[in-house]
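Chain nomenclature is as follows: A, B, C and D, assigned in order of appearance, with residue numbering initiated at 1 for each chain independently.
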Amino acid sequence: MSSLEQMYQQVIMDHAREAHGRGLTDPGLIQVGQSHQVNTTCGDEVTLRVGLDGDRVASVSWEGQGCSISQASVSVLHDLVEDHTLAEAESAMDAFRDLMQAKGEGLDDDKEDLLGDATAFVGVGKYPARIKCAMLGWMAFKDALIQARKDES
Amino acid sequence: MTFPDVRDDFPLLTRTVRNGKPLVYLDSGATAQKPRAVLDAEREFNERHNGAVARGAHLLAEEATGLFEAARAEVAAFVGARADEIVWTENATAALNLVAGAIGNASAGIGGEESAAFRIGPGDEICVTEAEHHANLVPWQQLAVRTGATLRWIPVDDDGRLDLDRLDTVVTERTRVLAFTHASNITGVISPVETLVARAKEVGALTVLDGCQSVPHLPVDVAALDVDFMAFSGHKMLGPTGIGALFGRKALLDALPPAVFGGGAVKTVTMETTSWQEAPMRHEPGTQPVAQAVGMAAAARYLSALGMDAVAAHERELAAILREGVADIPGVRLLGPAWDSGATDVIGLAAVAVDGVHPHDVGQVLDDRGIAARVGHHCGQPLHRRLGVTGSTRASGHVYTTQDDARAFVEALATVPSFFGVSA
Amino acid sequence: MTFPDVRDDFPLLTRTVRNGKPLVYLDSGATAQKPRAVLDAEREFNERHNGAVARGAHLLAEEATGLFEAARAEVAAFVGARADEIVWTENATAALNLVAGAIGNASAGIGGEESAAFRIGPGDEICVTEAEHHANLVPWQQLAVRTGATLRWIPVDDDGRLDLDRLDTVVTERTRVLAFTHASNITGVISPVETLVARAKEVGALTVLDGCQSVPHLPVDVAALDVDFMAFSGHKMLGPTGIGALFGRKALLDALPPAVFGGGAVKTVTMETTSWQEAPMRHEPGTQPVAQAVGMAAAARYLSALGMDAVAAHERELAAILREGVADIPGVRLLGPAWDSGATDVIGLAAVAVDGVHPHDVGQVLDDRGIAARVGHHCGQPLHRRLGVTGSTRASGHVYTTQDDARAFVEALATVPSFFGVSA
Amino acid sequence: MSSLEQMYQQVIMDHAREAHGRGLTDPGLIQVGQSHQVNTTCGDEVTLRVGLDGDRVASVSWEGQGCSISQASVSVLHDLVEDHTLAEAESAMDAFRDLMQAKGEGLDDDKEDLLGDATAFVGVGKYPARIKCAMLGWMAFKDALIQARKDES
């Protein structure tokens, strides 16, 4: 498998073509956070909204445009964190960041199990410029969580 | 007449990328590679002649000053200017900001009566075009914020050419500055300088030309173009990073207050007031990029030896291959005018949008083949927006670019739609 | 502990001047010579990794970006800062102008509410000292012109030390900015940073430190100094010309509007408005001095390997020879405090006035012996005036300066009065 | 003779110590011009006043401070042009400029005769930074002449 094929694995292509969670929805919850992030290299943007129900990530929806890596990444993010606990979501977030920093080498089995489909992004870690693309949605998610929890206090 | 193969002069071009693939460097519009002559000139300066310029009475200071001023004269001659009409800057962006910032300073009272002619304010207009690089748009837009003047612009048509039908309504008696690019870094279109300058003169507006994409690729003569100011960069014309230049008519440079203040630019300083030297010194406060000036002059010499007419002809051939080639690929759209062998208003680059494929993904496929192209908005968000896309993939050549390089781009691009499953 | 002899690392020092005389380079305060490690780092970058930074998806762009950001991290660590607190500039002058210009822009409405905290105007005061280099005086003086604020200054005493008795009356609740030099390029005096910063904090003023003469010669830690901004230059710390840096607290850099506008610094640009990136990018429009950043990092690495404590101790020995030596010559006056082996507030230089002999004539005698010293006002007209002279002759050392170099200066200086027939 | 001794010939030292024409005087003439020049390298200044009487340079006086080269140079200037015709003054000015550009080599006999004492400045031509010093007074003279003749029209 060439580096290029390793980067654009079928899973990624599929998520890019049919992204999950696209289209901002009203979670109908009290704890809602939203974040808008821009990849300044190319102008790609994502707006992501999170609804929290206690310590559960009840809803993740987003809107945006970008390269296949950034779109597929938000899509798997949606699958990994929606309907999971905050703790699980944060573990997924950490594991994904580790994957990006692994320079294409992969992670230990525990973490890869945690990531599921998202391990397909392993090839992106070889390309520093593309890590930004893959992280765009996750940056928005992280920031949206902060916004949502602000309402707590 | 065939253009000489000069690749051996450029050490970087011998390197391989991505698992031993030969490098196809098509990102010269962003930054060019440097010939050994440039690197050697800088090194020779640093190893033999480095000293404080214009400030010491010792031998090294003398030698450094001599080389620095000789470099100025050479770069000036390269664009048809007099030596004292060239101000060194960090890059072209700084050169454009120098003019905008100085006008802002004049408007705030700096420079006093000597600079009063540059004052602008509410009711005055600053004019740019929709084809500008951010470097020749944002400084003017923010000068308008700063002074209360109004920013206006000449729109472009679907081909990226300036809509000259609008010239007379946009550039009017209220226009104080007309700033425009000589050649677009996205569509490659060369502006009708003569028409624009004529109109500016008619209404008494200053003209500021962005020469970033013309000076490295075409014969440029500021005297013939008859503009008031022109900015250009060292690193795009085979010179070092860290240096650019502003051409300005001497009388204007002498009356313009400094945009940036410091040592070496002043005559007399008290705690209360400062008087400035003449141009170019008044606009060169602080220790200048001296080794870089020497390198930029070596680049001008290198280009002159090739001959800028020959360079332009060479790049026209590249343009033909690139622009004709991409136009034949289904699902690929060329930004700017279609290739027309009769038209002479396009430089040697091609920016394309691939239907359904994001520029970043296009770039990745090219990079995998060792092709270095640029993806994104190329610091021209408004122009991309006007052309209906958010970004593009650009191939841009220089003297070391071969026709095979251009063909490699076209071939690789042709594989993109199917790779991403978007072929028609 | 003896400091290592590093002269072999500096190619230029092997050259001879004025009919084969060995070079005694004592103009490091103006600009330093560069070790091979710096020249090699730049060349290696240009020959192997040159590409557009932060803008391309291709391998060279990736490598160039990586090296550029690694250089930032290294230079940041050298002065005790975080990487995102360092902005690259053309030189220290540009760094100081960046802060002054951005405050001026904020005051003109640029940056909107986000930057409102930086707005100044009539009734506000900007404070400097009488010991400033023009680069840290004129930008503030002209910011006062631009905004209607008032410039005030802390005077110096006959020894060139700040008159701290005046501190509380000069720096008051009206003071918005306190800008001062870390070490004087004329008297060599090190400012009492702690006292000045404490007073600035008391009144809520921003502190701007001119680190041009401290960073190359002393251990400097911005976190410990607790200043808001600090400017320094590459070429004075054994690095390339064409680059300097501004340290700023991240939160301040993020809120400060740009002083200079262009590509790479922006988030979204329309013809009407622009939004900026975070720092440091928002303050780095245009193509940056990339090879020079890599060279400046190599210089920081070179100095760190020697150890800045050892460098400072070495230069203190030079100071002792220079300052004690010149004081013994009849008719020669040392500017700044007499040498006192107990005092720790002087860096390794000596500027002198010779009774009845103009600095240019002094410099000529030195130059004839192969000694490169600096003559004139060293961009400090107000300080010279305060000390009762219009200019001086300065010897300033660096890591490659030997004690013999310092002695050669003293010996040559001793011949000056009789050569010009003004001996007592 | 070393380069240094060639530069600081006795004539120059003498003129520097006792400069001629120092102290601005009122020429009591109609055509008067004055110019102030600064050597920005070192801050040296000269203010020079010229009084014309028809085509005769009737009076040259000046004030200023500077290095021995700049002071001696204004002093010989005074001697060369005061009480000479405008044409003679301009020839002297040209010859002095030629001497400065001769890189320490001297000029042909005619010109050296014309310059007299001023040929002692030959050594200055080897030092680009010092040429500015030697030319300071001449720049002022040239400019003052322009000012004086403005009143003609």
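Criterion: a contact is a pair of C-beta atoms (placed from the backbone, for glycine too) under 8 Å apart; a residue touches a chain by one contact, two chains touch by 3 or more.
Keep in mind the model is a prediction, meaning the values are calculated, not measured.
Asks: Keeping to the contact definition above, tell me which chains border both chain B and chain C.
Replies: A, D
Asks: Between chain A and chain B, what is the gap in Å from one C-alpha centre to the other?
Replies: From the centre of chain A to the centre of chain B is 38 Å.
Asks: Taking each chain's centre as the mean position of its Cα atoms, how many Å separate chain B from chain D?
Replies: Distance between chain centres: 45 Å.
Asks: By residue number and range, which residues of chain A touch two or more other chains?
Replies: 41, 43, 127, 130
Asks: What positions in chain C touch 2 or more of the other chains?
Replies: In chain C, 18, 55-57, 61, 266, 268, 360, 364, 375-376, 381 touch at least two other chains.
Asks: Graph of touching chains, which shape: line, ring, star, complete, other?
Replies: other
Asks: Show me, using the given definition of touch, all chain pairs that touch one another.
Replies: A-B, A-C, B-C, B-D, C-D
Asks: Which residues of chain A touch chain C in their complex?
Replies: 38, 40-41, 43, 127-130
Asks: What part of chain B is in contact with chain C in the complex they form?
Replies: Spelled out, the residues of chain B in touch with chain C are 11-12, 15, 17-18, 23, 25, 27, 30-31, 33-34, 39, 42-43, 46-52, 55-61, 89-94, 96-97, 100-101, 104-105, 108-110, 130, 133-135, 137-139, 141-142, 145-147, 151, 153, 233, 235-236, 240-244, 260-264, 266, 268-274, 285-292, 360, 363-364, 366-367, 371-376, 379, 381-382, 385.
Asks: Show which residues of chain C lie in contact with chain D when the two form their complex.
Replies: Those residues of chain C that touch chain D are 18-19, 357-361, 364-365, 368, 375-377, 381, 390-391, 419-421.
Asks: Under the touch definition given earlier, write down the residues of chain C that touch chain A in their complex.
Replies: Chain C reaches chain A through residues 54-57, 61-62, 65-66, 266-268, 277, 281.
Asks: Inside the complex, what are the residues of chain D that reach chain C?
Replies: 2-4, 7-8, 13, 17, 41-44, 65-70, 127, 130, 133
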